[in-house]
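Sharing a structure here in structure tokens format.
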Amino acid sequence: MLTYQEITHRALSGPIMSEKDYDLKRFVRTLRRIVKKYGIQYNPDTPVPWQDDLADRVWQAALEFLSEVGAYCVDSERVIEFSQAELEQALKDAPQDVVLGEGKDARPVPIRKPEDEAPPWCSLGAAGAPVDSDEVFLSLMHAYAELPYTDSVPTPSLTRVNGRAIVAGSPLEIEGCIRTARLAKEAVRRAGRPGLCIANFVATGVCAEGHIAGHAMFGGPGDLMEIGAFAEMKTNFDIMSKVSYMESAGCRILGESGPVLGGYCGGPEGTAVTLTAYHLFVLLVLRASLHHPFCVHFGIQTSTPRDVIWARAVANQAITRHSHVPCINVGIITAGPATGMGLYETAAWIAATVASGGSIEATGAAQSTHPDYLSPMEPLFAAEVAHAVAGMPRQEVNEIVVKLVERYQDRLSDPPLGKRYQECFDLDTRRPGREVLDYYLQARHDLAEMGVAFEDEPFYV
Amino acid sequence: MISFRDVVDRALDGPITSSKDFDLRLLVRTVRRLAKEYDVQYDPETPVSGDDELADRIWQAGVELFLEVGVYVPDTERRITFSRDEVELALAYNRGPILFGSGVDRREFPLRKPEDPTPPWCSLGAGGGAVSSEFHLLSLIREYARNPLCWSITTPSLTHVDGRLIVAGSPLEVEGSIRNMVMGREALRQAGRPGLPIVNGVASAAHASSHIAGAGFGIGPTDAMEIGAHHEMRVDFDSLNKVAYTLSRGSQIWAENGVILGGMAGGPATTAIVTAGYNLLDMLVLRGSTQHPFPIHFDLRTTTTRDTLWVRSVANQAISRNSWLPVANLGYVGAGPTTEMALYETAAWVTAAVVSGGSIEAEGVAKNAHVDYTSPVEPYFASEIAHAVVGMRRQEANEVVKALLDVYEARLPDAPIGVRLQDCMNLENGEITPEYREVYSKVRQEMTAKFGLEFKYPSIYL
Amino acid sequence: MAHKDDILQQIMEAFTEGEFDEIQPLVQQGLDAGLDPDGILDNGLIPGIREVGERFRRSEVYLPEMMMAADAWQEGMELLEPLISEQGGKAEPVGRVVLGAVKGDIHSLGKNIVATMLGTAGFEVLDLGVDVRASKFIDEAEGFKADIIALSALMTTTMPQQRDVVEHLLARGSRDKYYVMVGGGPTTAEWAQEMGADAFGETAADAVNLALAHVEGET
């Protein structure tokens, strides 16, 4: 694989181009041409397609696409170009047999394929969604770490330090990041799992110094730092600096990519190709050990509209059929906790993703924009569904997902907000109240009726 | 003392002021008025002042300046202001002994006064000067540490990573900062002084992200981070972020102020007041364990001009007579390695600083403007001078410094830059060239013969 | 009312004594007394600010005086320029300069000195501030119709960004349109040559002299 020094060199000396030209002349035009060339077409009736040929065409399209457009460094206003051979080599040289966590909590991340029977990796938590206080943060993280299927825990992001709103770039962010790291470690210790991998170690961080400060203080070798690109195929010095530090610190990187359906990617087809191309981008530019796909809709800004589910499913199939690097997909649901809708949304994107070969990180709720509107119930349910659908044929999963989407799609633009964590769970005992438990049991029942065979009895009962 | 959290709150909530208004309406006008009110006037005949009352007036003026203008935060365009009670409380704070280093190299930073018989702290380094390779860095630091009078080091800064020029803000800066730190620590280990404190380990860092990244590889609770204000009386988020991290880490801070004589601080009198005012900024905002000033001439870019010597002298006296936050003076000379002039300049500023109550960090040479133009000899010589002038009366020191100025002052605009490190020292074993040994020996002898300075210890270079 | 010549003398004294707040009122007084706007400019403001510039060069006054003098000049010109234009005259600048500290560099003092001195030497200066990316220098130079792009870098690690500006100019095919000057602590004449600049100014005064020489066709 190209070294990171070489990537840096290309970022500093590649062809000069304005950002606007990169976006419109290079990215958009090339993507449209390639989607057409490979005959990639979205079918709304199959949010979970099962045609391997489609997946393979998406893969080929992605390779060709990235070799033509490259990546863009906003600070140097230059393109980082790659040849197709370099992309293929990067895949060959990508990390193998990734183990996360430490001591008794260390476990290998499974390499899955579509319809794989192997259970997916379940990273259960807030996926970076906001919380307002240390108290909620600690209780929530503790609750996530206690769930039976938790393989790793992503942190929420703190919005306040001692009641004061964090201002990005200010010393409050530094304190927020250090505190996030410290409290996360304490939470998993309380759950009796001190070595559990913390999968987005400093979600509170915006700037490189915040991320680095948090990791330098409390990061461990079994943790993961999430570092992302921004739309689309872009990086900057701040991101590159984080990568540089993490490489030296020996911290594995979860390479996040969140293409926006309806943005430069265009529709579902372009989004699927872009998401697939990001798989190689994160290996080379972000030095990731794992890919963290995160697909959102431009208007609704969550992961559960039908076309987004399709794009993610196709991309996961494309990737997992050709790469040994696992995808730990992250999703955001539109509805909030203590709503039935939130659970159905969760089940839909999870089932589609797992059947397509992916692993999961679940889940931000209430569009991840309302502080404290989170609960452990949705991540728990996500993991239960994920384990249940592992090994099911995609065609069968498609039917389930169609039924689920039909239950909530009309409410996506006006979803129920639900309740805050402290309103539907007990902060001290971390147990659910009656209302949220009822929703959970109902959702389990409904999915069982659709054909989902849960492995275990309900956890909270 | 009020908490750092309160300081941060004030950075976010304090009175809104434009950058230009802060400089021209607040800072400049206030300091000029105070210079008149407190009768602070520059005397070119006393580059080392012996006037205690002048020192105390400068201190008072500095306090008033700090109270009236506060500290400007460009990111929020607001001022951090403090009340008189808060300042008095801070000055009354019982800090306890200021300790750096570990094991056999653990020492207490002295709180000295003018003409103090206590030896000063001598920190050695290149003033953050740039070297072209890690092996230059390794070699230099090893040589600094060979000096028994060296009680801490600062690292030079790297310009290249694997042959590639470091670009500020890019990942090369992060990598450069990490290497700075790692090689610095290794150099101390090689010198047999692994516990020697590093007080600026990431000189290559321009941004907080690199600073923090590098510090993560070698700065511990017994070391320090160097964190600076910007001229004048300004502190940005980048600096505050470094402070936030360092406090959490438990390391200490050398609070740097590069006060520019001829910049917004104006002439010598007002620059002295600003330097004194910085002591409170360093205490309250940068949370320093030392104040680390270098009053520098804006045009000649040295701290060895007559007026900057005067500023340093009176400011050190003002601060050491009135504050618990000690001064670790940093110096920059105009001439470069192997020149006699560099050694004369060094002797001048070090003498002025030490007899005025300060400690030292020596030093950038050749105006810090030329890569590799540095050597361990000038800092070594600085430490010898520092110990030699301990206990000297200011009046006597003034005569010494004036005589030194007579030798070099006229040449400052066109100071000889000397030669590079690798041209005057063997990088493997630290041996200096015979030519440099001769220059060094000559000047050292002159210090005794002409100025009566008695060197307390034999030289490692002779 | 003061005699007309006295007013011009008072303007000069206000500059040299550092009483900058008095300059605009004095200019107004001069106009009220019937002095010609061109005359106030040529015999009051220009000699006054030049004297401050000279004292600055001799280190008799410092940056604050330079900046306050420049502000006072500007305030005076706000009164004079409309009248000069009305009379058919126009105070044309000797040249136009776009100036700033390059990307990643937040040091402003040296740049501010150069900007002020260029202004007092008759240039129209667009100061882009600090941490300016390469493309912005060029975009602004085009809009401003600059003759000169002046790049400041105070750290060895921001110097490469000076070269980046030249590379951007080459990429756009605009290299020949601008005279590129560099300066700042670690920069040297050798560096300027290596990176493709037209000139290196070691001091602020050098920068002004080089700029003047360029617009006068001597470079």
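Which chain is which? They are A, B and C, in the order written, and residues in each are numbered from 1.
Going forward, a residue touches a chain if its C-beta (ideal position, glycine included) is under 8 Å from a C-beta of that chain, and two chains touch if they have at least 3 such contacts.
It should be emphasised that the depicted structure is a prediction, and the values quoted were computed from it without experimental measurement.
Here the chain at the heart of the shown protein, by mean C-alpha position, is B. This structure's chain pair with the greatest number of C-beta contacts is A-B. Distance between chain centres (mean CA atoms), chain B to chain C: 32 Å. Between chain A and chain C the centroid-to-centroid distance comes to 52 Å (mean Cα coordinates, whole Å).
Inter-chain spacing, taken between the CA centroids of chain A and chain B, is 48 Å. Among the residues of chain C, those touching two or more other chains are numbered 103, 160. Chain B has residues 167, 169, 173, 207 in contact with two or more other chains. Taken residue by residue, chain A touches two or more other chains at 12, 75-76, whereas all remaining positions touch fewer.
By the touch rule above, chain B contacts chain A in their complex via residues 4-5, 8-9, 11-12, 75, 161-162, 164, 167, 169-175, 178, 207-213, 215-217, 237-238, 240-245, 248-249.
For chain C in complex with chain A, the touching residues are 103, 133-135, 160, 164, 167-168, 171. Contact residues of chain B toward chain C in the complex are 23-24, 28, 130, 157, 159, 165-169, 173, 176, 204, 206-207, 230-231, 236, 260-264, 266-267, 298-299, 301, 368-371.
Against chain B, the residues of chain C that register as touching in their complex are 59, 62-64, 67-68, 71, 103-106, 109, 113, 155-161, 185-186, 188, 203. Residues 12, 16, 18, 75-77 of chain A touch chain C in their complex.
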